[in-house]
Every structure is written in structure tokens, then in C-alpha cells.
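Structures for review follow.
Each of the two complexes below includes chain A, the first together with chain B, the second together with chain C.
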Partner chain A sequence: MAYTLKAHMPGLVARVVVEPGQNVEKDQELAVINCMKTEMRCLSGEAGRVDKILVAEWDEVDIGSDMIILEN
Partner chain B sequence: MLKVVNGGIEILVEDWPGRLGYMGLGMAAAGAMDNLALQLGNLLVGNALTDAGLEIAGGYCEFEATDTGVLALTGADMSAALNGTPLPLWESVAVEKGDLLKFSHFGEKGFRAYLALRGGVDVPVYLGSRSTCLFGSYGGFEGRKLAAGDIVTAVKDSSAAGGGTSSVTGRKLNPKYIPKYSNIWELRAIPGPNSSPDYVTEEGMDYVFSSPMKISHNANRAAYRLEEVPDYFWARKDGGKGGSHPSNIVDHGYNMRGAINVTGNTPSVLIADGPTLGGFVCVANVINADLWKIGQGIPARDKAAFTLVTVEDAIEARKERNAMFEADDLFLS
Partner chain C sequence: MIKKILIANRGEIVNRIIRTCEKFGIEAVAVYSDADKDMEYIKNAAESYNIGSAAPIKSYLNIGAITEAIAKSGAEAVHPGYGFLSESAEFAAVVEGMGVKWIGPGSQVMKSIESKSYCRIAADAVGVPVTPGTVGIVSNVDDIYRIAHKVGLPVLLKLDKGGGGKGIEKIESLESREAVQDVFDRLKRIGAMAFASSDVYLEKQIASPKHIEVQFVADARGDVICLGERECSIQRRYQKIVEESPSAAVNEEDRLKLYDYTKRIVKAIAYTGVGTIEFLKGESGYFFMEINARLQVEHPVSEMVTGLDLVEWQIRIADGENLSFTQEDVRLGGHAIECRVYAEEPVTFTPSPGVITKLVFPEENDGALRIEHALHTGYVVTPFYDPMLCKLIALHNNREACIGVMKAALEDMKIEGVSTNIDVGLAVMEDKRFISGGFSTDFFAG
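And now, the complex of A and B:
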């Protein structure tokens, strides 16, 4: 199974705070989006291991954009 | 009447016209980002146009009713559901204790939804308004956005609340008055005070009125930042005594709300919680009747398209808006 973290707001990727191969818990912060001059935390909806990171700092994302894929 | 279960992105108590008369002291007027949706919501639940409601930016929030009441949801469609059933927009609905109201997120068009509660949201009136000034941390609900556990009540002794709930339940806005949403928001604007020929070239002003500008991700209740203007925008080579860049001028009071303020080559529309003065040019001003559209612009996606109008046009548009609120056919029932 795989879980994909999707952007919950449009904006710029402020940072990704996990690395490939890292194990993460449900509700753990995986990345941060800048929108409305506010940093918005992107929390994982599921536990798993980080498989692919699809975004980098300063990338523009829209709502629903794929950001990080977990294996679980 | 409503307990916040999940605060989502940003829920604020706002009214209209906000906190007027204190700009000289550096206090922005605050107020609803989409005053049209808030005011129509107020009318749907039998409130005064000036009553306070909840402004929901982005979505992802959830409420539980702590009492019976009547509410109306207006503005952007966020696929809201009442006890799992889609909640209609632009219509007043009765709620019972324990009802759950859940919002998804904004969709293709529009960024802010409004919840009007019969009686109006009951927070202390501060300097003539119930509006939250988010960046000043005053007004509204403890000067902040709502968070899980907060309980918002309606004014019990308002003239609206005295009439019971049955008379307004099910009141629907006539579809012809539902505001038209877009991804390119036409904003009628009046040039000045710092425009051509003194500060901006004719070609620069033509650019403003002919080039839709993308709204930045850095758009919030203080300012909606837009895509940069070209260098030929400027009539001066520098800002003279105001500074080194031609966008600089000696500090002056900003025209609010709706000023198109340019900092460097970056324009921003100054709105609700925006700055009241500063040292950058204000090249034009969005007319009062179109301010609501700015609040519905989706950051990092939508565009603003300015249209040149006259002061007379602006006054006429404001009269039309006021007439609409009084129209006999505003509601279907």
C-alpha cells in the first residue's frame, strides 16, 4: 500500500522535513507550505516509510498536488 | 450556538463596514473580506446588514451546534455538510443541538465562505465593530482566529432573534442575485492618487488596466499581492526624497480599502487589515462595490483584472448594490 501526502492549500513549499527511507507516524509533520504569509504544516494522514519526495523548497503547489509518497 | 470542533485554516468573526474612523491612529478597518456574501447571509437569517458572522478562509473546519438556531451559509462552495447531508448555500437552515457541520475545502472558484447566525455573532463591540483585526490581535473573538473548543454564540436580545426562528427558516436567495464567481476577477478601479503622468507612465497605467495579474501565494487579509509590473511602468527614475526606487514617495496616508499599492515593482491590493500609511505609491483604487471579489480570489491561482472606471461609475455601482439589498424579489420565499 502507498499513501500520498497531497497539498491542502495552494502556495509555495517552505520545506520538506523528512528524508527518503524515514519512518513516520500518522499526524507527523512531513512538509510545510507557505500560503497567506503563514506557514501551514502538512501532516501525514497515515504512518509509513518515506518512499518518494516529489517536491522541493520553493516549488509552487496547488491544492491536491502530490507532495510525498509513503509505503505502508 | 456553535462549538468549533476543528478550526481549519482560518475562521474569524467579521462584520461590515468594519471599524471605521481610526485609520488616523494606525488602525485598519478590518471587516469581512467578502462583504457581499456576509451581508446576503445576514439578510437570509433576518439580521441587520451590519451584524457579525463567521468568515471561513480555505475550509477544513468543523462545528457542533450547542443549541437550536438558524444559520445561512454563503460565499465559496466548500462542500459543507450538515450531519453528512450537503448543506445548501444561499439559504437559511435551522439547526438543532448536536448537529455537526463539516467543511471540506474551497473548490474551483472562491476562497472564503461565510456563516451568518440568526441574531448575529455575539462578541464584544470594540471601537464600534465586532470585526477581528488579525494582525493587531484585537476585536472579534479575543482578537484571534477561532480554534477547537471555542464556542460562538448569537446575540440573544437582537431585534432579529426576537422574531423566532420559523419566519426565516428556508429563506432562499433568488438565484439571479447569487454573486458570479470566477478565476479572473474583474475589479473596477479609479486611478490615483499617484498615477500618470507624475509617477506612472501612460503605458504603465495601460498595463494595469489591460493585463490580468496573478494573485500571489502571499495574499492575506492585509494585502493581496499580485504579479510584478514591467519597468516601463515608472515615470520617474527614482523616488526623489522618498527613496531610491521610483515606487518610493514621502510617507502618506493610504487610501483604504482597495488601494493598488506598488512596492518595488510588486503591486498589492490593500484591504481589510492592511497598512494605513507608508512610503509607496497608490496608483489606483478598487471601487467599494467590487471589494468583495478580492476576498474570493484564490491565492497562487486566480488573477485580478482591473477595469478603468470613473468616480461616477463607482457611486452608481454602490447605489445598485444598496438597491439590490432592498429588492422585493431578493428572496424566493
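And now, the complex of A and C:
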């Protein structure tokens, strides 16, 4: 199974705080989006292991953009 | 006079600067990111240049791309607006190095005042009160304990090069040495990452302060003229929402004292051009807080009560002119209030990007109301920049009448498609604390 973290706000990726292969819990912060100079935390909807990181710092994201894929 | 100015900014301030340029027959050059390619001022400017993609670091903070536009356009001067690179000594030095005039204080002065502790030391040296704490840098937790014991809790740890409400941590208890060490380490880390400096200084938190700032203009001869004060205590998350001039809490004696403090500091640091000194007013008086080396968002309230065009004076001083009027010539007339309209949820203050589907502005009748914006129906409020959409500035004979003008203006203003804080502005105008004038920066906390 896989879980994909999607952007909940449009904006710029301020930072990704996890690394590939890392195990994460549900509700753990995976990345931060900067929307209009306000930082919004992106929390994981599920537990799992980080498989792919699809975004980099300063990438533009829209609501629903795929950001990080977890294996679980 | 300068013939061609490049405006290194976006949004309402571009229109504001173009207006003064038109008055003096100066050609204005606009720059824009991919996200701003439909801005209407691109048509009003004599020339315009795309400087990169939406992310500020790739466009409005991209010194290389802006430098290229300066060279291509042949602009004789650069107006940096506010925010973005407006207080970057590095950018100012690059512009000066191209033989282009920087509309602001010189890069040397800017480099010095990037350090808040330099400014605190300068103010202290000329006898202006600074908030109790360290004038210099704190080197370890022992320093924090020693000074906090001396000045009393709570204290604020601040990044020497922080800004925009970022880089401030409050310490309310000294019980856990580990907790204090954690806060200190965290702040140093943020500083190194975001501001390229991990220097920290400490100051005592002033209880329920008022934010009072003095607008000034200074020339190369060393003449400094103060243009009244602005009260900016109505803030949320260290960001201003409502500003006014004069302040209901500043009497003539206080005003003269603030003018004296301002002139002493400005002369000590050899600042030229238009600028602002921010003070905090606590129970025991006024304390120097910081210097803003740029045109401020809230400059229109000072223009309304003095009748001066501050952008004009920025350009004149940058062009080497001296002040042609004296302090005695400055007459403060009437009362002005500014309300900033933000694209945000009114209760939570979270940002609200989207498309403006309906836009109705109040009447700018008989000079009682001024509207500063760069909006149009169909305007896309992108998530990449500051949420400020527009500014309403009201002027009337006295404060009460001015509040009435602002209330009517906010009631007539309609923006649909994105959430705005228009109702927050209205609530402030109707709030007893605001009407009495006895409010502090705690306005939205209590």
C-alpha cells in the first residue's frame, strides 16, 4: 500500500523535513508550505516509510499537488 | 532631476511610485515575476521586464535578474519600495557599483543598521533610552540569567538581524536552565538559516506597549526634519493593521522629545533620505526600538497630515538635493487613519488566496479618502507574496470624524472571491478601546 501526502494549501515548499527511508507516524510533520509568508505544516495522514519525495524547496504547489509518497 | 527609475517591487507600491514619477515626468520601469504578468501597472510603466518565476527568491529577491533589468533599461535610479530587497545593503551596494542611484540611505549606512545591536549602541551613545537589556550580543546562557535577574522577567531574545516580526522568543521563566538553553539554541539556528547571522541580544519586554514611530527626512548636509508620529499599535502577529497620525497618546511635549531623539540618532548614523525610527511607549516613557531604512507601508498617513509627497523627497535626496523647507514649515493638519486590507480569514488570520470575482471601492470624494492598490476584477491573489490587498487612508479635521470616514469607506468596500479582514477593520473602528485612544499592542490578545 502507499499513501501520498498532498498539498492542503497552494504556495511554495518552504522545506521537507523527512528523508527517504525514514519511518514516520500518523500526524507527523513531513513538510512545510509557505502560503503568503505564513508557514503551514503538512502532517502525514498515515504511518509509513518515506518512499519518494516529489518536491524540493521553493517548488510551487497547488491544492492537491502530490508531495511525498509513503510505503505502508 | 533623475529621468528614469526602476521600481524593484510589486503590488500597490508600484502604482504609488509611478504616480510621483508621472508628476515629475520621470520614466518608470516595472519588473514582474511570472505570477504578476497580468498586473495593470505593467501597461502604465514606460518599460517592463520579466525577472523570473513566482518564488520571491527567483524574482523579487533575485539580485542578478533585477540587475540585468537595470542595465537593459538604462535606469538612472532604483526605488526598492518596501519589503523584498528594500533594506538589503548588498543590493544597494550592487546598484551603487553600477553607477546607478539607490533611492534610500547609502549602502554603508544600510550595512551598519542591519545590526540591531549597532543601532541600540548608537541610540544609547547619544542619550536616547533603549529598552533595558544588552546593547550588545549575548554570548551564552549565563549572560541571559545575569541580565534577566537584573532587568526582571519576561525578557525577549531577539535576533540581531531578524525582522518582520520573525526571530523573537519570549522567556517568562528561568526555572529550567535546559529550557532556556533550548530557546537560545533554536533562535541561533533560525538566525543562521534565515538571516545569515546567529547573533542574539536580549531586552526586557515592555508591558502593554504602544508602538509609536517618527517619520523623518534627512539630507546630506545633516539637516533632519521630522514629519509627525504614527501610532501603529493595532497589530496581529507583529504585523500592523491600522495606523494613524497623529497618535491620540502623544502630546506636544512628547512629540518634541521624540523629534529630539530621532534627530540625535539620524545624525549619529549619518542617514540620508526618508526613514522611520520606531519607539515603544511603556509606563516609564519612550524607548528606541529600531530604524526602518525605507519607505513604509503606512507612509500615506504622514503624507495626508503634512501635505508632503514622501516619494518625491526620497527621489530628491537620492539625487543630491537638500531639504528646501525647515522643521518650522511642517504643519500637521487634521487626522489620518490607514486600514490595511488583507486576503485572510478574519478570525484565524490564515491566508486566503484565490480570484477576486467582485471588487467595489468606496468613493475617493473630496480628498477625504485615498485608496492604494493594484487590483482589478479577475485579479489572482497568489500564494507567493504578502497577503495585503490594498490600503484605505482617511483624512478629516479630527480623529472622531476621521474614524467616521474610515467606517463608511470600509462599509462601502466589497471584495468577493477571497476572504478579507474588512470586518476586522470595521470592528476596530467601533471598538471602545480604539475610540478612546488608550489601546496597546495587546489589542487583539485581550
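Note that in this section the second predicted complex is superposed on the first by the 72 of 72 C-alpha atoms of A that agree within 3 Å, B and C clash if a C-alpha of one lies under 4 Å from a C-alpha of the other, contacts with A are read in each partner's own complex, and residues count from 1 in each chain.
Here is the rule we go by: a residue touches a chain if its C-beta (ideal position, glycine included) is under 8 Å from a C-beta of that chain, and two chains touch if they have at least 3 such contacts.
What you see is a predicted model; the values in this text were computed from it and never measured.
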Clash or fit, chain B versus chain C on superposed chain A: clash
Chain B versus chain C as contact partner of A:G11, first or second or both or neither: both
Partner chain in contact with A:W58 - chain B first, chain C second, else both or neither: second
Touched partner set for A:R41, first chain B, second chain C, both or neither: neither
Residues of chain A that lie at the interface with chain B and also at the interface with chain C: 9-12, 34-38, 40, 60
Interfacial residue positions of chain A with respect to chain B in the complex: 8-12, 34-38, 40, 60, 62-63
Chain C contact footprint on chain A (complex, rising order): 9-12, 34-38, 40, 58, 60
Contact set on chain B toward chain A in their complex: 9-10, 57-58, 60, 105-106, 217-222, 298-301
Sites on chain C touched by chain A in the complex: 53-55, 57-58, 343-344, 350-351, 353, 382-387
